[in-house]
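Structures follow.
Consider the two complexes below, in which chain A is the common component and chain B and chain C are the respective partners.
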Partner chain A sequence: MNTDTESPVLTGVSLDNLNNRFPHWFSEERSAAWSRFESLPMPTRTDERWRFSGINRISLQGYTTSLEPTHKEIEEALANSAKVENSAGRMVLVNDHVVLREETERALTKLGVVWIPISEAVTAQAGILREHFMAQFTGLGAEKFAHLHRALVRDGVFLYVPDNVEIEDPIENYYWVGGRKTAVFPHTLVITGVNAKVTVVDHYFGLEGAEDTLAIGVNDLFVGDGSAITYISTQFWPGKSLTFHFNSTILGRDSCAKSLNVHLGGDFNRAESVSHLTAPGGRSEMLAVTLATGEQEFDQRTLQDHQQPNTSSDLLYKNTLDHSARSIFSGLIKVEPGAHRTDAYQKVRNLLLSNDAEANSMPGLEILADDVRCTHGATSGQIDPEELFYLKSRGLNETISRRLIANGFLQEVFGRLDQPALADKLGSYIEKKFDLSHDPKKT
Partner chain B sequence: MSVKNNEINIDREIGNFHYNLTPAHDAGYGLTEETIHFICDVKNEPDWIRELRLRALEVFRSKPLPTHWATEDLRNIDFDQIRYYIAPGTDVKRSWDEVPTEVKETFERLGIPESERKFLAGVEAQFDSEAVYSNIKKAVADQGVIFMGSTEALKEHPEIFRKWFGKVIPTGDNKFSALNSAVFSGGSFIYVPPGVKVKHPLQAYFRINSENFGQFERTLIIADEGSEVMYMEGCTAPKFETSTLHSAVVELVAMPRAKIQYITVQNWSSNVFNLVTKRGLALEEAEIKWIDCNIGSRLTMKYPGVVMKGRKARGEVISIALAGDGQHQDTGAKMIHAADETTSNIVSKSISIGKGRATYRGQVTVPRHLKGCKNNTECDALLINTDSRTDTYPAIIVRGLGNAAQHEASVSQVNAEQIFYMMQRGLTEAQAMSLAVNGFVNDLVRQFPMEYSVELKRLIDLEMEGSVG
Partner chain C sequence: MPTLEIKDLHASINGQPILKGVSLIIPQGEVHAIMGPNGSGKSTLAKVIAGHEDYEVTSGDVLMDGESILEMEVDERSRKGLFLAFQYPMEVPGVSIANFLRAAIQSRLPEGKELEVTEYYQQLYREMDRLGMDRSFTSRSVNEGFSGGEKKRNEILQMAMLKPRYAILDETDSGLDIDALKIVANGVNALRGPDLGILLITHYQRLLDHIVPDNVHVMANGRILRSGNKDLALELEQKGYDWILESAA
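Up next is the complex of A and B:
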């Protein structure tokens, strides 16, 4: 069973080839990760961490990695990697190759911010990179694929914000994939010192004609004491894609993280997101917006891990499901012994637009300390007929009315970003997804 | 310890005594095909039951323990160290006077005959594997209500029994329902004819007397069209050094417009693994309500369910769990919506004291192409001490348009200001805490019949003793 998952993934690349680009320690960890990937079994039905998941849709066959991007692909990628008006800079990658690093008026470099490709960081920032690079797995079930990422990661974005540096404007990273059956392993690592502040945006897109991608992305956030990180990712991988997304946030004392994951693309998509509140005073906001159409499946697993007293977390996941799309939300608030005065909240809301859509919710709590306030909620429902009637009575047709309501349901979350320009951009992605899904062939 | 505490401790041990009886039938330790033949021979059962039991044994053996989601504590059950069938070898008596002295004393001490006189329509008392006493008030029996032990019912009413037996919970539903199907004995059988509304509750009392004895009763309740019935069960066991197993299967069938209320107050001693499968089938406009209160046992795993198969059927689970030191109450509910306009409601409240652990585990399924289904789930957990633990693991599956499900859960502790307020008015901290906890479950406790809610409040007070300070 496992044999058919091995060599086909490696078409066009070998571990040795990649190793030439990296220092010895990095290559060694890569080989170790490859062994772990090989030794771990594929997900099984009886694994509780894959409950409800359409695991039969996971096949790793026939993908090609590290394809050198063509001129045309690079041009197309650059033309479509538009910056928001207040952007601090953008980095553009195509098929795991960095093709552009563009900083607005050297604003970052002047402040001592290190914002470089990972392939450079492995030597230029070896110490700090080694300490943080994939130091924290999400541990929510898809480790096999995280190890595959560790083994095959080629490049990505390394961002270090030193003590007391605050950057108001967002830093954007564009990860593009081109071609059919291409495998990509995007990686964004953000580390802040003490009392720093930064906003990072990742965009995952497919170029014209791209489809059937295998995308295994990792973004880890290390939020230093007193720091604040806002992280946003938009997953708009091409159709028929198999995608995995791992998001680990490690919060220091009195630090604050806000992460928003927008899920739009792909076919079978697994997203694991974890916040570890490792010191008192930490606060983590975990947001996600999903618009699932056609036969898409979004399998979302989350953990809010309160390890120390006086920490708080707030999770809000909103799913809109049309056609025969499926969603799975499995979230856990864990309050470890001694983590008193924890304040944790978790909410998942599913809006079903079609009779064949399916929403599975598993909001969980594990509380091992007292003097806590933990609440969770899950709702599943459809558009309120009265709201629909209201819009229709004002002359809008059914389709437009429904879309307006669903759009409002999702975009409400963007209001929590305090970044109007970014919120508009994310809104336009949602609109684009609606346009695509209203293709009459699909309905 | 104060005098008051001593007094309470005597009460708390109400079930902790046993008599050394020599049973007429004892299948011995362990479970093999021989055990099953022994049970069938003693009970003189028809062949179809014997075959069913043997098949169930195979299923039981083939199924793994569900430790991929459930607690590892299940591994501590030693199936070879359990006695699967022990019976006194006497017929079921209709009068307490005929019940053997020690057995009668057992139930006298638990207050069963007294309750019967006071407010029950019928009582069945099970001692280890078999019912020793079963009686139904004449007025109720005259309406055509059947209330007897499952063993008797199998002989006297095979036509009804066979029709519904194992239909709501098939043998292979889970490992422990298979175990029960292999070795079941005792339990209640109730049939309520169309339109009959049984005014007073019917009660069964289950008692484990022998060490290492596993109790596997099987209860089947059928409420025919438009009828109503309330059933209550209670249980106790003495505290033995060794652990034992209680694994019941309870099936309810509510025909169109029938109403069944099933009330459990579980107060097993802390050496009992209590692994019970309970499910009801509700047809058109029928209503099944489980009121489930778990206070005793070492580990309880019980998720009463309702399959709403008829239009406008309704399912409800009211669950109260109290987990003290060394206890794990893993309880919850299962709601399967299988027809239009079905509604279900789950309200669960748990209290964890000392090192106790309370878990809510639930499943709500609303399939596609149904209209107007609604589910509401509320789980509240209260943590009393620093080491207390609580978990919530719901799963909600909603497909299609026209249905709605909502789930809410919260975990909190007793409000310090409330305690301060009460202490300021002269209550001790323990009294204040007890009052606050009773307040937390009060709206659920009120749903119990009067006698039970009084008993329940007392039990909660007892469990709370010594947990503060």
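Up next is the complex of A and C:
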């Protein structure tokens, strides 16, 4: 490519400008991804992997990428990127630009942990980055948009935790977007060595006045043998946004991953999450909480991929839907030949707060091994009127009662985190979402 | 004297009449017990007073300190000072007792006034101690996985915290062993006083050994058939409900 490549759909995209920042191999892959993005068709109704999905809401028209953040935006982002009490550090990005990397008492560096922007890792950690960076696509239908991410990713967070290093306190990454019609491509890559332990938290937010964002995020976790990764993300992108999130977790021998994705923001949102249990003894816990209001749609696709014996996975997705919001859950438990003594669990629960809300659940099993235990189930229900009567009989009005019940319904998932400070923080995001959805200006 | 007055109350569910003219006056400071066989309408009376939407009041009135409450929402009645201790308290998964009660008390404060948190916890712990409830209860979800005794204690805890002017205790003794019954009864007795009128609904006389009523009413077929002092309960215990039913017939 000799000249700036102007995309027909995204304005301000300049692969060449970005390429100057990156080593040759990275740029080559970027160009190849762009070609694949262009050659792949937009989702169609006939594609089973987009069943029930409101694909007519997907349009890539008119977004701008890589806007340099203003001082005011940076200030606002920093002021609102509060650390939890026991934080090990925070990195703050605005419009895909790293604006802060703050480590608590150099605790991470002292342990040999590498926690740097991806734009640095491409040279400083070229070998390991190249081996892992977008090495696993989720393969659940939205590849076109994953390739777009690969082509336009500008920065993100690279975290490597060496063998036998255990970090108790969470590491937090804040991804902010500012302006209207801004496209961002947040990326978090976490890799652990052997017998390591770490907790990583990503927050995705819009700055004041941000609206109509295109966000395509990737967070990949490589859990080394005997390691444990806890990964939490909160998606609270601004209103009217079109968002895609891809989460791949690759688990080594006797390793353990726990991921929790909280979905609150955006307009049309597609989330694909995959756990590959690639060695015996791995265990993956896949959790999600969604609070959908207004006309939001959350399209969730998952895969629990058991490749080896004695692996286990436990998926719990809870969706609360109000107004005319929609959700789609399509999840597959796949047990490959030879993956004996697999223990896989999948549970989806939907709480419908309105008659116009709609939840679609499509659980699935594909079992090619013997001696496995797999269970799945999906339930949808409304608030029990007797429960409502009980709360109201204590003086709580209808709105507060319903909110308490809906909040309580989601708490079960937060209870699975053994991190009270983080659970509180996530709880406060849920409260904020409830406040917004009851503000007549916002609905 | 301030009273909770039930005036010739008729109520039905799905067109089926259950209450057929109940009249009762419960002054603040007194404990009135309603006894009666299963299906007599005791629990319906409790739910109608609290405002359960399944029941339709076809005639009559319920007055709290002279003001009709029948047009009020369930939550408004509660904030006005009415409390119902449930026979089968509902589970509220994911909502801790502390947060639940806090929200309930907050709902009684004027707009813009925030609950005094330190004071709240002091009071909560004091009442829990009185009911022999471990402090770990505060973080447990409301009634979830509670034993029968724990649920009933939790009802009385809420009553203590919300400080109603009139409380209806629906079969608060059901499902309790004697030790749990004594704890719950002690909790109720501790709340007795000139500012609280209690309507105690029970099937058995044994509760009245521990919470001694000022008046006893016998209910059957949706009506109060007889009223008397606490000795009426003992008489019922000896003679059974048939005696009243026959004499009424």
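By our rule, the second predicted complex is superposed on the first by the 430 of 443 C-alpha atoms of A that agree within 3 Å, B and C clash if a C-alpha of one lies under 4 Å from a C-alpha of the other, contacts with A are read in each partner's own complex, and residues count from 1 in each chain.
The definition used in the following text is that a contact is a pair of C-beta atoms (placed from the backbone, for glycine too) under 8 Å apart; a residue touches a chain by one contact, two chains touch by 3 or more.
The structure presented is a predicted model; accordingly, all values stated were derived computationally and were not measured.
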| item | value |
| --- | --- |
| Contacts of A:92 with chain B and chain C, given as first, second, both or neither | neither |
| Partner chain(s) touched by A:67 [first = chain B, second = chain C, both, neither] | neither |
| Partner chain(s) touched by A:379 [first = chain B, second = chain C, both, neither] | first |
| Chain B versus chain C as contact partner of A:390, first or second or both or neither | second |
| Which of chain B and chain C A:410 touches, first, second, both or neither | second |
| Contacts of A:400 with chain B and chain C, given as first, second, both or neither | second |
| Partner chain(s) touched by A:200 [first = chain B, second = chain C, both, neither] | neither |
| Of all residues in chain C, those that touch chain A in their complex | 50-53, 73-75, 77-79, 83-84, 86, 89-95, 99-100, 103-104, 107-108, 141, 158, 162 |
| Chain A to chain B touching residues, read off their complex | 46-48, 51-52, 337, 340, 350, 352-382 |
| Residues of chain B that touch chain A when the two form their complex | 68-69, 366, 368-369, 381, 383-413 |
| Residues of chain A touching chain C in the complex | 384-387, 389-398, 400-401, 404-405, 407-412, 415 |
